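Just so it is clear, A, B and C label the chains in written order, and each chain counts residues from 1 on its own.
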Amino acid sequence: MLSYLPFFPPQGSTHAASVDALYLFFVAVTAFFSVLIAALIIIFAVRFRRRTADEVGAPIHGSLILELTWTFIPLVIAMVMFVWGASLYFQITTPPSNAMEIYVVGKRWMWKAQHVSGQREINELHVPVGQPVKLIIGSEDVLHAYWVPAFRMKMDAVPGRTTTMWFEASKPGVYDLFCAEYCGMSHSRMIGKVTAMDPGAFQTWLAGGKATGSMADMGAKVFTDLGCATCHLDAGDGRGPSLRGVFGSQVTLASGEKVTVDEAYIRESILTPTAKLVAGYQPLMPTFQGVVSEEQIAQLTAYVKTLPPPSGPRATPPGTGGGAGAAPAPGATPQTAGH
Amino acid sequence: MEASIAKPTNYLNATHGAASWFFTRDHKRIALLYLFSVSAFFLMGGIFATLIRLELLTPAGDFVSSETYNKFFTMHGVMMVFFFLIPSIPATLGNFLVPMMIGAKDLAFPRINLLSWYIYIAGGLFALTAMVSGGVDTGWTFYVPYSTAVSNTHVVMTGLGIFIAGFSSILTGFNFIVTIHTMRAPGMTWMRLPLFIWAHYAASLIMIMGTPVIAVTLLMVVLERALGFGLFDPSRGGDPVLYQHLFWFYSHPAVYIMVLPGMGVISELISGFTRKPVFGYSFVAVSSLGIAFVGFLVWGHHLFTSSQSIYAGLIFSFLSYLVAIPSAIKVFNWTATLYRGSVAWDSPMLYALGFIGLFTIGGLTGLFLSAIGLDLHMHDGYFVVAHFHYVMVGGTLLAYLGGLHFWWPKMTGKLYYEPFARVSAVIVFVGFNLTFFPQFILGYMGMPRRYHQYPDIAGWQVLNVLSSAGASILALGVILPAIYLTYSWFKGPDAGPNPWGVKGLEWETASPPPTANFDVTPIVTQPAYAYSNEDAHV
Amino acid sequence: MSDTTAVAAHGVPDDHGAHHPRLQHHFDTLDQQLYASTFGMWVFLVTEVLFFGGLFMAYIVYRIWYPEMFVHASSHLNITLGAINTAVLIGSSLTMAYAVNSAQRGASPKEQVFWLLSTMGLGSVFLGIKVIEYADKFKHHLVPGPNFHFEDPAYQATAQIYYSLYFALTGLHATHMIVGIVIMAVIVRMAAKGNFDAKWYTPVEIMGLYWHFVDLVWIFLFPLLYLIGGAH
């Protein structure tokens, strides 16, 4: 119903209606208090308009009851707003575990998307309706932000980090995509379209067109070309730890700390390998900063995600008591040293 | 500027010649020096605003190139925020009135006061040099790595200009704090201080504690850009989001530097034009301190989409709701003051009443943005632009204009032509709302900010045209006072010490005041706003 | 010192005796003036804490992110020179305290000048040692930027963060010291002319506050920059 009003973008995702409802609540509160204050001002200014030049006002100093009332009531309203906004936020931030992943890279001035199956798009994004989609977002240069007003959702693309956002398209349609973080000359031309399709139509689209192999396949190629395989042996007895089944598991660092292997950890391990070194291994890995592009990082990440756990117990590097290998945990958190 | 007819000696005519102005230590003359310079920057910022609104009349980017447009909105923001809004009320009205309102002869450090003006001018010259040499295009927020590694405009020059001007703000705040603590006239206890003083005291606390952080942050940007340091460079392990934290740690409290002095003005105007004490004096006074304190804790609400942790986001959201409460308390207290007041409809009061309404809308729309679930949609869109213009223009600018009109007779000794002023106030109010209200709608519809061109989506151009039409009306509304106020300085009738018939130490001395403010140091025996006989005997 | 305008007589209730030549016209008493000046310097020092604070925040964040890099990068700093500098600066705070005390007692200009010059001298020694350290960094390509070269390739990129912080923090600190020494030269001149006595020695007092603050910043910088990590 709300989408027929001229002031709203189409409600293209399962969240849009909840966001609009919260918005309307705020509009109502704002309208109420603005009208109330304006009315009181006008009424008082007219009713008590100065009649004679010497007139002074009544010597009223205050009222504790009123102060407490108009402190307490706004506080309650503010807390309602906070809790409502926070619960909406929890829904929005946590992607369901069955979310379909699509890798997105922003660069001046275009949006490159890559589906796990290998399909690539520029300034477009095709998604199926009724399926949660998680975008894994990076930037090749400066800050950008991926905004789809119809989904009521945006997320910054931060160079040096991986960020994520998720949505579920609720009906077929073509929706606007905007870059929403100023990035220089053609910031206002860094726009595109998100197309939500019925699942069947989406499968057809995915299958057709030029596919150069899935992202995992391309990642496997990068893994070999850049020599990663020479150290990251499957059995874990090489210069680097085995990557089989590592995504989503917990690893123990040289410092004793435990971290979860997520997209951010993989990125960090490629770009600043000595920052969070796994226990029992030497700091031998060179940095691939400048060697590997954002897209290749995305492909390597997709590849690592597909590596099955080894059939036997994980090999441990010499000198350590035990390896990692906890049950996979849901990934997709931003940079672990968040602040 | 000299009095046109022979008058008793006052601060304007006591000494003559350029040197007596440019080497003055009189806080009142320094206030006028600031008045002229902030007005000049306001004019420049306004010209950039006009150019922006001209471009946005049509969806296509057909007025200027993208690079030029990006420089327009950057220069508009830099000039308006750092060179107009931050100094405007404190450095003009604050400088003039703080000593007078507490019964002192000057600020604690008059030479430092003059130095602060020269520092402001130096910073301004850097910014102007950058402007005429081709400008800067990073946005007034200078986000990295665009500003450090990509932009090929005059980032260093502009950054240094802001850095330098920041010290002017720090020195002003520092001077106010020491003055208010140590130079109150006998009998002027803290709870007898006019609310203008409380507001400036709270704003000064922010000036001294917040401004150094942006100074060092911009210094880090300059070092990175000029010398190749790597603090924010992702390819060397640096973090662009760290910049955002450091930048907003100042720039959020900065908005309270901009609005608290305005609130102080409003308290004086509401009391003066109802001739009764401000309702809930102690609550209004303490709420100023509350805003200053909590205002330092909410900066992360500018980073909701920057992938900070969920928990940080929730804490910042919660605190952002808390910071709204003291402002709400003020709005209710001002409104309650009108009840059974003797309400005059003079132009300063029109500005004050306009402030209350527009600040209410501006403040409440800030609450939309504090809900993370909503902000994920509205961040970096035109809703945000509308919100902050409602508080900065509908708030601070209206307070500045109201205060300027109210104290004009005291500062110049002249009366301006009141009917023009009332018409102007209405023009400003109408023009302002027409300019910025459509932007709320545009923002929710999805129009991003800092967009040179926009797609031809239904409704977008209409709303932009309305906004630009409003801007032309607003421009007229702010130009008119420049004309009739200036005219009144030369040709206006004499004002006398207290043309409005209001309470306050500044109204108990001549208009214009003598250089030493008071012929005899006042002894204070009444609370502020002691209009009735009851108060007079407290 | 005096305003050029003709000021009407200000009826101040009690003048505490003679109108001291150093009493500025907008203050009522010398006590009020001294209180305002010292209070003002404390307020100014608060701003300085926040000024350095931004860089300290950056330090904290990056140290948490790259703890081992900090250890390795810091190993190129000369702890001996840093320790000497720390002792020198603490010594200069001692001479500064004596300078304030000598002015407060109304000691001879010669004695006041001696302590002030000693402070300036020690401060200059500090800066001289800093020059030596900086020159060493330049020589070993440890200045962040295009010529940066770190011998351990694992930290070639990120060590620049450490050195950016090193130069920014110590550079800002050194700038504060230079400004302090220059202002102290002016105060030495005032002391030599016998301007300070037990009734009025405000410039020395607030200079002392400033100098102690600059010393205190270094006392934080030394362990944070030099004393990181294991044996090296």
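The criterion applied here is as follows: contacts are C-beta pairs under 8 Å (C-beta built on N, C-alpha and C of every residue); 3 or more make two chains touch, one makes a residue touch a chain.
Small disclaimer: the values here were computed from a predicted structure and weren't measured.
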Chain whose mean Cα position lies farthest from chain A: C
More contacts between chains, A-C or A-B: A-B
Computed distance of Cα centres, chain C from chain B, in Å: 33
Intercentroid distance (Cα basis), chain B paired with chain A, Å: 35
Rounded Å distance, chain A centre to chain C centre (Cα mean): 45
Sequence positions of chain C contacting 2 or more other chains: 61, 65-66, 69, 157-158
Shared-contact residues (touching 2 or more other chains) in chain A: 272, 275, 289, 339
Where chain B touches two or more other chains at once, by residue number: 235, 237-239, 242, 245
Complex contacts: residues of chain A adjacent to chain B: 6-9, 18-19, 22-23, 26, 29-30, 33-34, 37-38, 40-41, 44-45, 48-51, 53-63, 66-67, 70-71, 74-75, 78-79, 81-82, 84-93, 108, 141-143, 145, 147, 149-150, 152-156, 158-161, 163, 176, 178-189, 191, 271-272, 275, 289-290, 334-335, 338-339
Interfacial residue positions of chain B with respect to chain A in the complex: 61, 66-67, 70, 137-139, 143, 145-146, 149-151, 234-235, 237-242, 245, 274-277, 279-283, 305-310, 312-314, 317-318, 321-322, 324-325, 328-329, 331-333, 335-336, 338-345, 353, 356-357, 360-361, 364-365, 367-368, 370-374, 376-377, 379-381, 441, 444-446, 448-455, 457-459, 501, 531-532, 534-535
In the complex, chain B residues that touch chain C: 9, 11, 14-15, 20, 25-26, 99, 104-110, 170, 174-175, 177-179, 181-183, 186, 208-213, 215-217, 219-220, 223-224, 227-231, 233, 235-239, 242, 245-246, 249, 514-516, 518-521
Interfacial residue positions of chain C with respect to chain B in the complex: 3-8, 10-13, 24-28, 32, 35-36, 39-40, 43-44, 46-48, 50-55, 57-58, 61-62, 65-66, 69, 144-146, 157-158, 160-161, 164-165, 167-168, 172
Residues of chain A touching chain C in the complex: 255, 272-275, 277, 283, 285-287, 289, 337, 339
